[in-house]
Amino acid sequence: MISGFLFRGLQGRIAWVAAALALIAVLVPFLNLSLAPDHALHIPDYAVSLFGKYLTYALLALALDLVWGYCGILSLGHGAFFALGGYVMGMYLMRQIGSRGVYGDPILPDFMVFLNWKELPWYWFGFDQFWFTLLMIFAVPGLLAFVFGWFAFRSRVTGVYLSIITQAMTYALLLAFFRNDMGFGGNNGLTDFKDILGFTLQNGGTRAGLFSASAFALCLSLILSSAIVRSRFGKVLIATREAESRARFLGYRVEHVKLFVFTVSAMMAGLAGALYVPQVGIINPGEFAPANSIEVVIWTAIGGRGTLIGPILGAITVNLGKSWFTAALPEYWLFALGALFVAVTLFLPKGIMGAMASVRQKFSAKKSAPSDPVIGTPATEQSGDAS
Amino acid sequence: MSLPRALIACLFFLFAAPVAVSAQEVDLPGSIAQLAQGKLKDRAAKVEILLKSGDPRVATVLNQLAEGTLYYRKSDKKVFLTEKTGKTYALTDPLTGEEIKDQSKSNLKKIKANNSLRRTIRDGLSLFALSSSDPDERMQAAETVFKSKDPIALPLIEARLLKEEIAEILSLLNQAKSAIVLSSADMPDTAKLEAISILRTMGGRGALTLLSAVEAAPKSAVAQATQLAITSIERRLSIWDAVQNIWYGLSLGSVLLLASIGLAITFGVMGVINMAHGEMVMIGAYTTFAVQQAVQIFAPGLTDYSLLLALPAAFLAAGLVGLILERGIIRFLYGRPLETLLATWGVSLVLQQTVRTIFGPSNKEVVNPSWMSGAVELAGLSLTWNRIWIFFFALAVFGLLFLLLKRTPMGLQMRAVTQNRKMASSMGIRTPWVDAFTFALGSGIAGVAGVALSQIGNVSPNLGQSYIIDSFMVVVFGGVGNLWGTLIGAITLGVANKFLEPFAGAVLGKIFVLVFIILFIQKRPRGLFALKGRSVEQ
Amino acid sequence: EETIKVGVLHSLSGTMAISETTLKDAMLMLIEEQNKKGGLLGKKLEPVVVDPASDWPLFAEKARELIDVNKVSAVFGAWTSVSRKSVLPVFEELNSILFYPVQYEGEESQRNVFYTGAAPNQQAIPAVDYLMAEEEVERWVLAGTDYVYPRTTNKILEAYLKAKGVAAEDIMINYTPFGHSDWQTIVSDVKAFGAAGKKTAVVSTINGDANVPFYKELANQGIKAEDIPVVAFSVGEEELAGLDTAPLVGHLAAWNYFQSVESDANASFIEAWKAYTKDPARVTNDPMEAHYIGFNMWVKAVEKAGTTDADAVIDALIGVAVPNLTGGYSAMMPNHHITKPVLIGEIQDDGQFDVVYETAGLVPGDAWSDFLPDSAKLISDWRAPLSCGNFNTETKTCGGKGE
Amino acid sequence: MPETAALKVQSIDLHYGAAQALRNVSLVVEKAKITCVLGRNGVGKSSLLRAIVGQHPVSNGEILLGRDAITKAPSYTRAGKGIGYVPQGREIFAQLTVKENLETGYARLPRKQRFIEEEIFELFPILKDMLSRRGGDLSGGQQQQLAIGRALVTRPDILVLDEPTEGIQPSIIKDIGRAITYLRDEKGMAILLVEQYLDFCRELADVVHIMDRGEITHSGPAEDLDRDDVRSYLTV
Amino acid sequence: MTEDLPLTPVLLYLDDVSVSFDGFKAINGLSLAIEAGEMRAIIGPNGAGKTTMMDIITGKTRPDSGDVLFEGDMDLTQHDETEIAQAGIGRKFQKPTVFEDQTVRENIELALAGERSVFASLFYQESEADKARINALLDTVRLTHRASELAADLSHGQKQWLEIGMLLAQDPKLLLVDEPVAGMTDAETIETAKLLREIAKTRSVIVVEHDMGFIRDLDVKVTVLAEGSVLAEGSLDHVSAHPDVIESYLGR
């Protein structure tokens, strides 16, 4: 049943993109590792690490789109799930350092030693095991999303109210993780990682492996998301986004619907964070910053929300732009990026995917069922007496 | 605090007074010249010697030393009193009063003082000032003596107590006397008891400290009186502390209100998720800076009032930016509120960088006018002027806005347009104009808030970012679209924050407030002042 | 024409731009001046400026780009500790050189990094010593922003103060979030704490943006330097430029450099800086001096090694001594920290500091604090044969490497 | 000869994206006459009214108000020139009170005319009882009455009504019928009425147009219309 | 269930229900019983509380007092919209409410009876029977030719039809239809009446309308509400003759 379900996800354009992702997951490490640096097809280390990072961003954007694009839950706190996944992975990596830390303490991470901690806090136990870590990568963000969603959706918190409390959530976590007393290294976060599963992190091969893992994770998540949105459940998602109370009158348990996608999405975000951390070598509370979560929303909007490929494109485009601008126009890049955001909103109202769709439409006369749903009208514009 | 001539005059008078008793024969020119020699840490001893002289000219020298305007000439190490006039200095010989004008800074070197030296000077000079003819100086001297508890001052105070006519100073002198009495070992119990009762009426932490240090035989009258006084003061203090805390909460609330009130229009009323709101506040703050600079150049006399000029200027500047923003971008996005988030985020990046490019990345100095500096002591409360002004200013802005929105035809049109733009147009309302006006108004108000906020915080390109999250929290917590909600929401969050802070610390306190907001929204999913009824469902 | 590239890795946007932009400008000026002197090894120096945008992972990405793509010979950059931590593995992996110019919490010594800012023993401890000796302070408020630098510094200071006989109830420790802006409660707490009869001082490790509202509140609540002095470790001339300093006269800061220092080197540096920025009001500050020292050290080491090859330069750097701006020489020590004088300055109403105290000689930076039990055992020496940043003197092993 | 046409629609087309909703529609609304448009669901009646009041642009053709072309004018200009509109679906300002809803009609009026005529309350007494209730809280029929009342506040020269009887109780439908007649006869108002309710239309109308698939397929004076004829036009 | 309880064929029972909004009594001691298999027409002046009554039955509004019993033992006031819908009460709103971003066909599909849980809908596969049923419903509401268009693009009347289609797809035991023929032509109105009569053969229906011709076509018992409570009840002719009904509702 599961495989049949997933197979449904592998249709149309998604199948192609998934195949492409699987291909680069294999090909990029190959081109990076086995070709000589001066070979025309060689992919430089720098590009591998850069794009490895982008892939995790893309996964995060995809996760957000599942709740925002399809279910209308504008989470301004998705960065929190990403960061939690990152911290889980960071804790594992910290514990892998073992006695190789600067103080040579076999158990305590360095930051605990110099702040005079005597023993490992209970919540650090188990993270020396990879299987446990793997479990926690999904469990921690998933649980937070579940508990948060359970209350919020049951209380029928919607719209901006929901957005703002998700922001409050990530902001509170930001402040909490900044606190040194929390035992997560405060502002400096977790750093100085040495190896993952026995592979040295500062090694091209490991990096290529992480790239590959990120591409596969994205590929699988894409298929899963596609399977979800193509099922009848996907239609319920959209129905919920559009007219939540109407869906209730049809007998759908809207809070369960939301809770399910919210939790699945948080887990995907956690996975993205977990893959991100070993690639960038640090996790710090800054990842909880509300601005980060807003940026994810922006990637998604730029790519085209309510499409699965859009957020992937958006995340990669914006970050590529950012990487490029910050080096090419270090003093003026904010003008460029800001103008880009404004321009996309004005001229590509449905993002890159929307623009591509309308270009395609111009060529093919026959109008297909629109896949980019129109964004709902604001609460203040609604009137009338029905539901 | 510069030394007025009056002090010198009264020092002459003092020659006949008790201080003269302690005056010693001192080699004045030599001692003054000594100030220019040696290291800073040896200077205290030299100052002590000068103070002993009791010579009125010494007060001037020492005051200038404390103020950092005492220099010596590099060529001959001669010490001078200085006054800066334009780019040059006028030098005055401290002993002869002979003046040399137009000296360049490069010929001179400042004689440094540090805090402990300044304290020594202040304490020493306060003895002189106790008999000054200027009541302000006597008042300050009494306060200084209260802190220094210098027993030498006792006879001076007693002499002055006989002559003093101003009640306020009289009580300060009594307090200073009590402080000395209580901190010296060999005082009669009657004097001590009197001192205790004076301190008990005075109250406050200073009194408490003195009383706690009183040493007396257990069960003695002094010990009992002390104990009673301490309990009484502590009780009063705890009440005042609570009141003070409420004030802090109200004051923080008023800052939140100011920060969010413009957003209550652009987001609350218009539904634009205005991520550039903070930057409108920033524009207001930079306008304040610019106006202040201009005033300093063109009308230095009005510097104290540059804020008043800045208010309309900031309103117009931020309003104009808002107008351009609305006409250029927002108007294409009505009905697509989520896209306004994206576009205004882009705008906020551009505005930040624009300000960084024009004004540079670092903080700009906005001076507090004198009427917004310092604090007023009110019973057990200490209220700083800038917070008081900001509190009332926030309420005034709120009140005006409330009237505009609820009581004027324009307000009605604004609300109609934002609820149903097409229908409003069909009712004959010029919707583009109303949209532009509303957005400009919200932005302008944010700008005005920036004027006030420049008085308590940074004026930097990041200014907007530090308010944006709080602003959204307030508007949403209060209930989107409800102006009262914004008011009550801001005040509630401010007070809650200030009541949590003492227990939890600033960091945890803030976390608790956020958690409180999250939980509160569960109870009231549409904010504090939710719009109710059919009209809002779905 | 072949050039030697120098990376400049300072945030030009985001929260840290406020501090770091100046350092970028300073680096550009130093490079330009060096080029006027004929460059280095006969080649011109070419700055490569990027903007890591106060975004820590972006620091790592940009560091990699500078080293891997732009092939820079050395990088001058970072401000916050977390940004340094973020780029550290990159410098290690790609074996390049980073000069880090800001005072920090210590507890680090890495082969590829040269720390030209102050370690805690070059700033915090002398400041406390001064307050004890000069101002006879007996009661202490340690107020800081809640992050690693203040936490560590305060930990060290707490241990130090207790060792000096200060009672626990005479120490108040307070942390606030980044960008904290409402100081009413805390300042009034300080006031109350200081009203207990003993001479009280505040040791402030409050970071950046939070300082302006803090000092404004201090001034308005009438806390005068003569009553309760505040000594700060993160407030320099740049920060004061955003403040009306008249009510703050007498409050203190501890640094290794002040613009007001009178020396020929400083005078010409200030002149050059004002000319370069075309702004007669531009101020200089301590991290700029650190870059000045670091850059000159690098130049000298490259000349000594005759190459920009990282390994050679890293080895050559140890022992290099260059003039600092306070009139003496600073030397790079085997632990990759430098020797510096420690100065205490009082705020003046013109936004400058008046030096009221200066250590007799130079203080060598201590990577591993002697006041933290686990750290006291460690020493750092990057010369052969030890070649170790964290050698444990008890176990005689190199902590990070000895497995 | 005096101009008797208050409004002329001259061969307009209207599109929603690629879909065409009106084809070459022409129509004249005479002063002091009631013009009625009939047609099945989805034939384009509301679209025609939207074109007239300016809520949706036309792709071709012209609309004349008296002698002025208003084809491109925004809705508020048209309202300013005397077109009052009662839309289908009521479009009440949900958060405004009944009173405020009515007062939105002041926008085009000079200051001294800014009051609500007593006639409106006579016609819809319920509005007077509910002045301070929020528009969105009213029942469907109450909202419909408010929508009509609101349009009358502007004192229009041409009143455009889209299925005004929808959801209204029979007695008030009769009142509305009387009111419309009164407005025509006493105030000389031109009235354009879209209706499904055939009897209502037949009783009131002077001129009737029948639409089908975006076109006007039949026009003529009301008395010429045979009930069964119309029925046949309107059957599915 | 109704077969098991032949003595209490009451499907829906409102007992002395009241609700007020800000002090305004919208429903005032309303009692009403609908039998299984009965179709009931409800008329009454604008603002009489008809829609509010439906809100109460479907769980949208909680009454201040009174009970609402469904199938004898389910107290609807204790359940939320979802549970009530799942128990078999379907509703058509006064203002047509459909999922505008989805196609006409998807709207029907979503309404189609069946398991509503998250996992059931995740793994749902459309059966031939379901497909046939959807097609039949599309035919019934005459929207087959627009099946793949977005519901947003329908005209007002077409949305009314679509919503009726959704209601049918839900296959409820009790249908609440609020002004189904508003905005329909006379011919369509007749069709709708036929359709409802057909439906009422197998389930209960409550219809609210102001169109007297339509009510007459339905030919069922009529309840007149006024000011939140029952004013008259009986055949249409009976209530139409009631002077209060003429006075407050029908007019002269």
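For clarity, chains are labelled A, B, C, D and E in written order, and residue numbers in each chain start from 1.
Just so we're on the same page, contacts are C-beta pairs under 8 Å (C-beta built on N, C-alpha and C of every residue); 3 or more make two chains touch, one makes a residue touch a chain.
These numbers were taken from a predicted model, which means no experiment stands behind them.
With contact taken as defined at the outset, chain B and chain C are each touched by A. Judged by contacting C-beta pairs, the busier of the interfaces A-E and A-C is A-C.
Ranked by separation of Cα centres from chain A, the top chain is D. When every chain is reduced to the mean of its CA atoms, the largest separation from chain B belongs to E. With centres taken as mean C-alpha coordinates, the chain found closest to the middle of all protein C-alpha atoms is A. Chain C and chain E have Cα centroids separated by 74 Å. Centre-to-centre, using mean CA coordinates, chain A is 36 Å away from chain C.
Remark: chain B and chain D have CA centroids separated by 62 Å (rounded to whole angstrom).
Averaging C-alpha coordinates per chain places the centre of chain A 44 Å away from that of chain B. The set of chain C residues touching two or more other chains comprises 12-13, 146, 175, 177.
Counting only residues that touch two or more partner chains, chain B has 352-353, 419-420, 465, 481, 507, 510, 533-537. In chain E, the residues that touch at least two other chains are 21, 51, 60, 94-95.
Residues of chain A touching chain B in their complex: 74, 148, 151-152, 155-158, 160-161, 164-165, 167-169, 171-172, 175-176, 178-179, 243-246, 290-291, 294, 297-298, 301-302, 331-332, 334-335, 337-342, 344-346, 349, 375, 377-383, 385-387. Within the complex formed with chain B, the chain D residues making contact are 53-55, 74-76, 78-80, 83, 85, 87, 91, 93-96, 100, 103-108, 134-137, 150, 154. Residue ranges of chain E in contact with chain D, taken from their complex: 21, 24, 43-48, 50-52, 94-95, 142, 153-158, 160-161, 179, 182-188, 191, 210-212, 248-252.
Within the complex formed with chain B, the chain C residues making contact are 12-15, 17-19, 21-22, 134-136, 146, 174-177, 179-182, 184-186, 188-189, 191-192, 195-197, 209, 212-213, 216-217, 219-222, 225-227, 229, 238-239, 241-244, 247, 249-250, 252, 346, 348-349, 354-357.
Within the complex formed with chain A, the chain E residues making contact are 51, 58, 60, 80-82, 85-86, 90-91, 93-103, 106, 109-111, 116-118, 121-124, 126, 148, 150, 152, 166, 170.
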